[in-house]
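Paired with chain B in one complex and with chain C in the other, chain A is shared by the two complexes that follow.
For the complex of A and B:
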């Protein structure tokens, strides 16, 4: 379709607004993290830094607990990601490619999980973890993060599994391959984008999870970024340079992940979603 | 037959896991709501509906519920407008489209604490850039404390949360938009329909199912938002932004009234379930009428 000049104008104006709304705050944060304190609190922000310093990052990495939080967050997110994939993949396969009694009921139950505020399960879960000695452990966060990410992950696999022609599986069955082999050898490469988008969803939900991490983790040495870093806001007299450096560092890992496999996630959301 | 067994083997781990980590605590929450537990870990006694009578008889629950409704409606309106605009843009062809479709979601992939730092900084009365910008453009004549008054705190929080979530919503809407057949637009063009007419006669009606589903999911998601509110205002000023999740958190972990918190969370779940069932019914009914 050809656009008129007026329509193009509207489109590019809209794009500009979008870039400004989303990009500008991040641009200010990232550039702010290398500015000298005087420049950070200037009345009008400078678009391109006039000063350059790495002292905020130095302080962040050497004299704050941020590196500890960073490592914890990465460990918890990676484990949550792997476990989510291991549980979601076979379940999604069974839901969308096989028949079993109670299938529809189970599927509906899984979607119902989203109607409940996470905080409802926090209180009893804390008691449960306390009894089995999991409070104040990173494992407790992995367990929670997997449970929170799992329903959506299974649901997201739907469109990816649906796009694989059944003939491929049928051919494999005729050749005598047992189902687990089918899943591993034949489907895996075909649904790799689906796995990538589940991976990214699980990683991000873990990376951003605050509520459970704030209650289940007690000692500073096991805190993740959302909670530990939030504690730093008030801890020092608001040191914007330090906070901006931290915000930059907390954003970087997900940005890298997204740069690598983000497009699969976006296609997982946009293709065949909302059903 | 062998296949059925295998299917169950495939589903069982995920299902059992969800039952243990989501299902069982839900039942526990219900049990707690009939007891009188204070601090986490202490034992409680059965007290019947006493907690329910107290919660429903007091004003805290109802005020928080009211604020939750304001919060959900505000978020729905702001996010729908922003997300629809964004989805319409991302549904066009332009150089850089692929990049735009991926990175539009940047606000959603960062931890809330980053969102909080960004907006605290931008909105702060000393050194923040929003105040000077608004003053320069003549909208205000002296710096505004965005979290100083009850109303502005709620409005500001809704805008911040919408900023975080509208790209996600936009991508879901984009899914609906891409499913509208291009032939329809082509036919409308040949019939001489302008851009506005094509939007009101094709895009808008055909996007309805997507919007309704998103409305339901979005309502549940934004109702349950806790971290942005907690980290920005902790429910203040003077409880102006204390929505139900914040009230539950405060009651359980600041007030040490666990059973009362469990009661509020059970009531909240009932409200949300009721809404979900009602909305889904209404949706299927309106589809049947079409």
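For the complex of A and C:
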């Protein structure tokens, strides 16, 4: 069906509005990070900078612990991402293909993990981690992040596995391939977009996690960006330039990750949605 | 035999010497809630100096955030890995006292008071139930900030009463400017600004002596009504403000007057930085009140270790910190924000030597003067009731204002509902 000119105009106008709504705050943050303080605090914001400075980034990198927070965030997010994939893939395959008592019940039950607000389990978890010496360690954050991301990742991954034609698996079985080989050699390459989607989901979940990181981490040297950055801003006085420079720098790793595997993420979402 | 005795004595002496030479220093962990990098850096400089001068005591800081510490500290104490020193504000002290983690500091405060003379308003919120629960460390008091040139241009004197204040705010409004910037967010900043109206109308006490509430009274209603009237002259986004937005509005000349602990460092860095034009005054009072008061937050440091050696070391450290030659540097971790809690500190060269503090000397002197009339809700009568922690945490004072400003309730109805909320919280 061919669109009329009027329909196209409405469509593109709608898309433009959406792009502006989503893009303008990012634009304001990024351009604000290079404005002079006087321009940042003007009541009427300037969309195109009238001034230019890199002093907020200098302060961010030289006078604050932001680089330490950045490294911690990257380490925690990467480990959380890898462990989530390593656990979600076989778990999803088991739920998808293997027959065992209570399979459907357990498959639904794992989502109960999302029924409890984080704050409810925060204090008991702190006590537990303190007992085994994990408080103030990045490992504690990886464990929490994996636990939070895993249930939904298993659901996502199972949907992707379901999109693979059964005949391919059957051919591998006829050739005598055991289950791990089928998963690793046959299915994994076919659901690469799904793995990319889970990877991005796990990475971003970890990258933005605040609640547990704020309580489980005690020392500055192990803080991640959301918590360390919240402290840097200050309660009674806000250094707006530092805030915007930090926000800009904090989005870079996510942007890079999307640039690398974002193409798969979109197709992965579509696969899951159709299934 | 003599040789044997000599050898034994020598052996004992050597053992003692070796023991003292290699004795582990007492290590103290200090959770302090000043996380901005320049504050962490200044505190570290002081700790490095202290640790060098006291090889038998090592203090390390672990900066925390006020937003997290209410959940984090009780969890840490319950798990047995809480800090030895913990920064506090009065309502947080009640939380830590309730779980039995804080040690009274009566003798230490008595000694420090004799030596440095605490400003009474800073000590009072920590003295109840027969003990002193924290050593006051620095003070913050809300003041009214304005530009002298703007008032002069409008033909206004510095407002001292609510009537004068309303007139000034109205005259300063127009041409895209707002006469005043007052928040109405359900947040601590609004608690503070609203309470600064209440204390200026004789409605400082929210509890009766028996622990029941006296929040719902005509003076409180009048304070809320005046606040709501002035709030109409604030920018339309002000109901969602915290401290930073109000400060930015003032620094950009969008707001004629604001209530803040300070605007000095941001005015110096982000606005004109003209010390001669920056005005600060006491928060105006009700027309029938004789003088101004304000809300003040005396920040203290609690000793939270039951280990006697650590407790002793903590007292050595706190005494060292309040010595005038160190104390001024401690306060100037954020010049123009943190005010001295001792008379000695207010005169200390180390305080007045800072370039920003020196530049804004008259403003800082006024802030110190204002802080002497400081009060804090729930800590005004010498009796402290545990429910104040929850009332403060749930921002009931700010919530009451929202019912007027956002929901359109009358001040009388909102205050009545506010008292019901407080009673409900206390009953839990």
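Following the convention adopted for this analysis, the second predicted complex is superposed on the first by the 246 of 275 C-alpha atoms of A that agree within 3 Å, B and C clash if a C-alpha of one lies under 4 Å from a C-alpha of the other, contacts with A are read in each partner's own complex, and residues count from 1 in each chain.
The criterion applied here is as follows: a residue touches a chain if its C-beta (ideal position, glycine included) is under 8 Å from a C-beta of that chain, and two chains touch if they have at least 3 such contacts.
Everything quoted here is computed from the prediction, not taken from an experiment.
S.K.: Superpose on chain A as described above, then tell me if chain B and chain C fit or clash.
M.R.: The answer is clash.
S.K.: Which partner reaches more residues of chain A, chain B or chain C?
M.R.: Between chain B and chain C, the winner on chain A residue contacts is B.
S.K.: Examine A:188 and indicate which partner it touches, taking first as chain B and second as chain C; both and neither are also allowed.
M.R.: neither
S.K.: Quick check for you: in the superposed arrangement, does A:208 touch first (chain B), second (chain C), both or neither?
M.R.: first
S.K.: Could you tell me if A:244 is touching chain B, chain C, both of them or neither one (first, second, both, neither)?
M.R.: In the superposed model, A:244 contacts chain B only, not chain C.
S.K.: In the overlaid three-chain picture, which partner chain does A:101 touch, first (chain B) or second (chain C), both, or neither?
M.R.: first
S.K.: Under the stated touch criterion, which partner chain does A:113 make contact with: chain B (first), chain C (second), both, or neither?
M.R.: After superposition on chain A, A:113 lies in contact with chain B alone.
S.K.: Tell me the contact category for A:226 with respect to chain B and chain C: first, second, both or neither.
M.R.: Only chain B; A:226 stays clear of chain C.
S.K.: Looking at A:143 after the superposition, I want to know if it touches chain B, chain C, both of them or none. Which is it: first, second, both, neither?
M.R.: first
S.K.: What is the contact status of A:127 with respect to chain B (first) and chain C (second): first, second, both, or neither?
M.R.: It touches chain B and chain C both.
S.K.: Check the residue A:9 against both partner chains and state whether it touches chain B (first), chain C (second), both, or neither.
M.R.: neither
S.K.: Clash-wise, after the superposition, say which stretch of chain C runs into chain B: 135-143, 243-251 or 333-341.
M.R.: After superposing on chain A, the clashing stretch of chain C is 243-251.
S.K.: In the superposed arrangement, what residues of chain A touch both chain B and chain C?
M.R.: 40-43, 119, 122-123, 126-127, 130, 215, 230, 233, 240.
S.K.: Can you check the complex and tell me which residues of chain A touch chain C?
M.R.: These residues of chain A touch chain C: 37-38, 40-43, 63-65, 119, 122-123, 126-127, 130-131, 135, 214-215, 218-220, 227, 230-240.
S.K.: Looking at the complex, which residues from chain B come into contact with chain A?
M.R.: Listed in rising order, the residues are 3-4, 6-11, 13-15, 17-18, 21-22, 24-26, 28-29, 32, 40-41, 85-86, 88-89, 92, 94, 98, 100-114, 116-122, 126-127, 129, 132, 163, 167-168, 171-172, 174-176, 178, 185-186, 189, 195, 210, 213-214, 217, 220-221, 223-224, 226-227, 230-231, 244-245, 248-249, 252-253, 258, 261-262, 265-266, 268-269, 272-273, 276.
S.K.: Flag every residue of chain C that touches chain A in the complex, lowest number first.
M.R.: 35-38, 40-41, 62-68, 71-72, 74-76, 78-81, 140, 176, 235, 243-244, 247-249, 251-252, 254, 260-262, 265-266, 269-271, 334, 337
S.K.: Inside the complex, what are the residues of chain A that reach chain B?
M.R.: 1, 3, 7, 11-12, 14-15, 18, 21-23, 25-26, 28-29, 32, 40-45, 86-88, 90-91, 93-95, 98-101, 103, 106, 110, 112-128, 130, 143-144, 146-147, 150-151, 154, 179, 204, 207-208, 210-211, 215, 225-226, 229-230, 233, 240, 243-244, 246-247, 250-251, 254-255, 258, 262-263, 266, 269-274
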